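Next, two complexes with subunit A in common: one pairs it with subunit B, the other with subunit C.
Coming up: the complex of A and B.
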C-alpha cells in the first residue's frame, strides 16, 4: 500500500509550495529568464560600433525591412517544407515496412536508427565530403558518370537539395521510431478483421492505419517542423549558407548578424521573431488537428 | 500524524519535513562538493594573478610554451609565468568560435580574456574604433618588454594593426600576396609565371586547354569563394590592382574620418566592378566548380592533392602541403612568384596578420601586456619559424634564418619578403563597419561565382552599402 499519495492528498496547497519552489525556480532560471533577457536585448542598441540604449522596436523594423531577412525567410520555408515532408513520408514508409514480420527486421531497425547517434555536425561533414565535386563519392565520381557535371554544393539549387538530403538522413530515424511505436500500438485484430473482410494494403492504410496513427503523426509533424526551423549545424558545416545566400536560413542569418556584423541587438530581434514563428507554427498545427492530439 | 509534523511514512517510520529538508540540503551540499572537487586546485591557483589568452591554431602557435598538442605546461611556460608574475592560461578553439568568444567578451565587458585574438581584416578595426582595446604603444612606453620591439617588425605588418594611428594589435604570424605555381607543369607546357593579370589569364587558358586535351585531373587555378568574409581578403586585392586604389567609396578614402569628411558614397557598381569581375570570372572559368564554397582549407586540400596548378593571391595556403603532401611533385615543384600586376600598375593584394590585442577590460593589464609582448615577440617568432619551418615571420631579422633558408631557399624568401614590403595594408578602407562589409562582399562574390549576374550582385551590394552608411550616419 502506498501511504504517500494519501498523505499528500491531505496536504493543503500552501504546503506544496515550498516543495515545488526549487523546481519552479529552476524552470524559471533556464527558460523564463533567457527568454526575457532575449526580449530585453532585442530592444537595445547592442552594436559594437555604435552601442546605444533602449531603441524600442528599431531592431525589428530594420530586420523586417532588410532584403536578407526576407530571402532567408523564404529559404527557411523551402528547407522546412522539403525536409519535413520527405523525412515524415520516408519515416512512415519505413515504419510500415518494418512492422511486417520480415527476415532481418531487427537488424534493419537497428541500422535505421544509427543516424540518430551521429551528431548533426558529423553528419554535415560526412555529406559535405560525399557531395564534394573535388573528392566526393557522389560529387566527383557518381554524378559525373551519370552525365551530371555540376558541383552539388557550388550550385544554388543543388546546394539546397544537398542540405535537405543531409538533414533528411539525419532526422528520418527519429520519425521512423515515433511512427513505429505508433503503429505497434494499433491493435492487430483490426487488421485481421479487415483482412477477413477482403481489404487490401491501401484500404487498410486509409481506413485503419492513418486514422489511428493520426495523433502520433501530428506529434511527429510538430516536432519535425520545430526541429527543421531551428536547423543550423548541418547547413553551416556543409555550405555556411552558400553558395552566396542560397542556403542561408534564418538561423544562419541570425548567427551572421550577431557574430559577423557584431549587432547583438538585431540578432536578438531575429531570435525573438523565430521564437514567435516557432510558437505560431506549433499552435497552428495543434489547432488544425486538435481532435487528433 | 499532522500536516505540520510529517509528510509521509515509509517502512513504518515518519519522515518529518525537517528530516526531509535536512536530507535535501545534505544531498545538495554533497553534490556541490563533488562537482567542484576537481576545481579545488584551480581555486587555490586563482589567488595568484591569471592571464587568459584566447587564440586558434592549437599545437601550431607557440609550441615552445604549450607543446605540440597545445595542452602542455612546458618549462618555458613556467619560466615565463615566473617572469610575468601570473599564471598563463590559454584557451584554444576553432577560428570562428574564438572570434565569437572574443566578441561576446568584449561586448559584455567581462574581461574574461586578457589577451585576445584579432585579425587585420575587421577585428582590429571594429574593436579599435569601439575603444575596446588598449593602445599598445602606450604600454610599450609605460612598461617596456625585452621580448618585443616595434623596430624588429616589418612596418607594413604594424600599419595593418593601426586604426587612426593607434596600435591595437601586434602580429604573430602574417602574410602578404603571392602566386604559387607548379614548376613541373609550367615547364611541361612551356609557361613562365605570369607577371600581369593579362598574362595570368593567358596562362590559365593554356593550362585549361592542355588539361582538357591530355585529360589531366587538375584545375588551372584555386582561389577561395565561400560565402562570408574569407574571399574578400583576396577579392579586394583584385579590386585594388584593377582600380589602383581601394575602390569602395568615391575618391578612395581609407579611414572612417575621410569617408565622413568627404561624404564619399559607395562605388560598388563603379570602379569596384573591374576587379570584382576579374576575380569572379577567373574562378568561374578556371577554378573548381565548387569554388563558390571554397575556403582556405579547400585551397590547401586541392594543392595537397596535386589538383591545382596555380594558387593566388593568398599563396600562404600552399605551404603546409609543400611540407607534408603525399605527392612528391607538390613538395618539390611548388614555387612562389610575385603576385601579378593589375591594369593600374599595382600588384594584386592579399594581406593579413594573426594579431593579438589587449582587452580594455582586463583586470591584470600589466601582466597581460608582458604576456602579449612575449607571444608576439622575437623569441616566440623564432621558435615558430624553427619548429614549423613556415616563412610567415613578422621580422626581417628572422626571415633569412638558417632553418628558413634551408627549407625554402634564399630566392623564395626574397620573393616572400618583397611581397610584404610592396604590399599596401590599406587596400581596403579601415572603418568600424568593415567586418559587415567584408562578409557582404565575400558573399556577393560567392553568389556571382555560383552563376548570378555580376551586375545584379553588385547592384545589391551598392544598395546595401548606401543604406548601411546612411544608417551609420556618415552622410549627416
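Coming up: the complex of A and C.
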C-alpha cells in the first residue's frame, strides 16, 4: 500500500461521504435488507394453506428432520466433491500444458475460455441433448453401441455423472484461467535453475510449481466450492433433480420447497442454512491456508 | 527447451557413443511427451467444442433430421427453426436480457465508481470493515437472495417485471463492481489527483477527470463482466418471472422443460443465447481472470 500524499491526507473524512453514500445505501438496499428480511421469513409460518405467524425455529427443526433434506445434503456433498476435484485437476493440467511453448497456444487459450461465457443453462441443454436416450449422440447412439442400453439421464448414478460432466464442461475454464495466471507469475529463472540441476517434470512440479501456486490454488478452490454449492441451472435443465431425487442438491430442494410447494418459511430456513454453509466453507478454507503457510 | 546446457555440460564427461545414445533416448522421450500433450489438448478441445457445434448444426435441421439415430452429419439445412424464433414471439426475451444487462451496467457503474474511489482512498478499520462487507455480499448464495426478493416483489406487485430482475441482479453486480474498481483505484498513482486537488478541483472533478480516464480499460472490463453475469444468470430470472419478463436463460429452460421437444427450435434459441459469448471471448480473455477472481490473482 502506497503512502498517502499530503494533499490527499489533508482532506477531511467527511468530504468522502457524498461519494460513498449512494453506493453503500444502494448495496444495503439490494443485499442487507433482503438478508434481514430472509432471517425474519425463516421464523414465520408461510405455507399457502395455513399461514401461522411467528413459529420460532420450527421451520429449521422440520427442515433438519426431513429425510429429503439429509439426502439433498449428501447429494450436494457428492456433487461438490466430484465437480471440484475434477475441474481443479483438469484446470491445472490444462494450465501446465498451455504454459509450454506450443504451436497454436494463443488460439487454444482463447477457445478454452469459451465455456466460461456460455450461459450454464445452454451448457446444460447441450449435454442433455447429447445424453438424451431418444436423440442424443451419446445416449441414443454411442452408449447402445458399447452395450450400455440404459438411459443416462434416467439412471440415478449415470444421471449424477452426467450433471457432473456438464458442470465440469462449464466451470473448468475458470479454473484454467486462474491457474494459468498463477503459473505466469512464477519467475522463470526458478525453472531454469531447476533444469540446470537436472530436475525432471514431476520434481519441478512438486518442489517449485505447487508450493508457489498454493495461494492461487486456494483462491480457485474457495471460488469453485462456493460456486458448486450453489449450482442450480445445469442440474435444473438436465434432470430437475431426478430421476427420483438422485441429483437433487440443496438448491434444487429449496426451489421445490419454496416454489412448487410454496412453503416460503421453510425455503427461507434452507436459504439461511446455505448462507451458513457458505460462510463455513469459505472460512474453513481460508483458515486452512493460513495454517499451511 | 531447444538448447540444452545440462546435456552439453555432460557431453564432456561422457564417452561419445554413450552420450549419443542418451541424447537420442532423451529426444525420443521429449517427442513422446509432446505428442501426449497435443493429444490431451486436442481431446479437451473436442470435449469443449463438440457440444456447441452439435447444438448449432442441429438448429439447421428439420425435426425428423434432429431425431434421426444414428445422428445425421449430412442433411439438407433449413431455416425452419430460426424462422420460428422470429415468428413465434420468442424474440422478446432477447430484448429483456439486453435491457436488464444494460441497466445493470449503467446503475452498477454509476453507483460503484464514486463509492469505489472513496473506499480506495479512505484508511482505517472502518474502511476495512466496509470493504469486507462489500466482498462478502458478493459471495451470498443466489438462493438466499431469491427467497426474500421474490416475497418482497410479490408484495409490491412487481413479479414478472424487468425491474424485479434488474434489482435482483444488482445484488451481485453492485458489490462486484465496487470491489473490483476499489482494488484497481488503490493501485493508481496519486500524482494526477494531487495536482488536480492543488488546482482547487472538487472530489467529483478529480474522479471525472483524473481517476476514470486512466482506469478506462478496467471500467470497460467490469462493464463486460456485468453484462455476462446478467446475460447468463438463471435462478433469479427464472423464479422472479413467468412470461412477460423472461430472460434468455429462462426461455431456454422453459423450452427444454416442455414435454413435446422441438429440438431444432431449442438449439436455435440456445445458439442465439451463445452469440454474445462468441463475440466477447476474444475481447475479454485478458481481463476476465482478474475480474472473476475479484482481483485475488493479478
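The working rule: the second predicted complex is superposed on the first by the 277 of 293 C-alpha atoms of A that agree within 3 Å, B and C clash if a C-alpha of one lies under 4 Å from a C-alpha of the other, contacts with A are read in each partner's own complex, and residues count from 1 in each chain.
Basically, contacts are C-beta pairs under 8 Å (C-beta built on N, C-alpha and C of every residue); 3 or more make two chains touch, one makes a residue touch a chain.
Just so it is clear, the structure is predicted and the values come from calculations on it, not from any experiment.
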Exercise for the section: Determine, under the contact definition given at the top, whether A:259 touches first (subunit B), second (subunit C), both, or neither. Expected result: both
Handout entry: subunit A residues touched by each partner, larger count belonging to subunit B or subunit C
Key = C
Problem - Contacts of A:125 with subunit B and subunit C, given as first, second, both or neither - result: second
Problem - Which superposed partner A:249 touches (first subunit B, second subunit C, both, neither) - result: neither
Exercise for the section: Report for A:240: first if it touches subunit B alone, second if subunit C alone, otherwise both or neither. Expected result: both
Exercise for the section: Could you tell me if A:274 is touching subunit B, subunit C, both of them or neither one (first, second, both, neither)? Expected result: second
Exercise for the section: Could you look at A:134 and tell me whether it touches subunit B, subunit C, both or neither (first, second, both, neither)? Expected result: both
Practice task
Identify the partner contact of A:83: answer first if only subunit B is touched, second if only subunit C is, both if each is, neither if none is.
Solution key: neither
Exercise for the section: Could you look at A:151 and tell me whether it touches subunit B, subunit C, both or neither (first, second, both, neither)? Expected result: first
Practice task
Could you say whether A:75 touches subunit B, subunit C, both of them, or neither, answering first, second, both or neither?
Solution key: neither
Practice task
Share the list of subunit A residues that count as touching for subunit B in one structure and for subunit C in the other.
Solution key: 4, 7-8, 11, 15, 134-135, 240, 259, 264
Completion exercise
Residue set of subunit A touching subunit B in the complex reads 3-4, 7-8, 10-12, 15, 46, 48-51, 62, 67, 132-135, 139, 149-151, 153-156, 159, 239-246, 248, 256, 259-262, 264
Handout entry: subunit A partner contacts - residues on subunit C that touch it in the complex
Key = 1, 5-6, 33, 37-38, 40-41, 44-45, 47-49, 51-52, 54-55, 58, 66-67, 69-71, 107, 111-112, 114-119, 121-123, 130, 134, 137, 139-145, 147-152, 167-168, 170-171, 174-175, 178, 186, 190-191, 193-194, 197-198, 203-204, 207, 228, 231-232, 234-235, 238-239, 248-249, 252-253, 256-257, 261, 263, 266-267, 270, 273-274, 276-278, 280-282, 284-285, 288-290, 292-293, 296-298
Fill in the blank from the handout: Residue set of subunit A touching subunit C in the complex reads 1-2, 4-8, 11, 13, 15-16, 18-20, 22-24, 26-27, 30-32, 34-35, 37-38, 41, 90, 93-94, 97-98, 100-102, 108-130, 134-135, 137, 140-141, 169, 173-174, 177-178, 180-182, 185, 195-196, 198, 201, 216, 219-220, 223, 226, 229-230, 232-233, 236-237, 240, 250-251, 254-255, 258-259, 264, 267-268, 270-272, 274-275, 278, 282
Problem - Partner subunit A, residues of subunit B touching it in the complex - result: 1, 3, 6-10, 96, 99-100, 103, 106-107, 126-127, 129-130, 132, 225-229, 288-293, 298, 301-302, 305, 307, 432-433, 435-436, 439, 443-444, 446-452, 457, 460, 463-464, 471-472
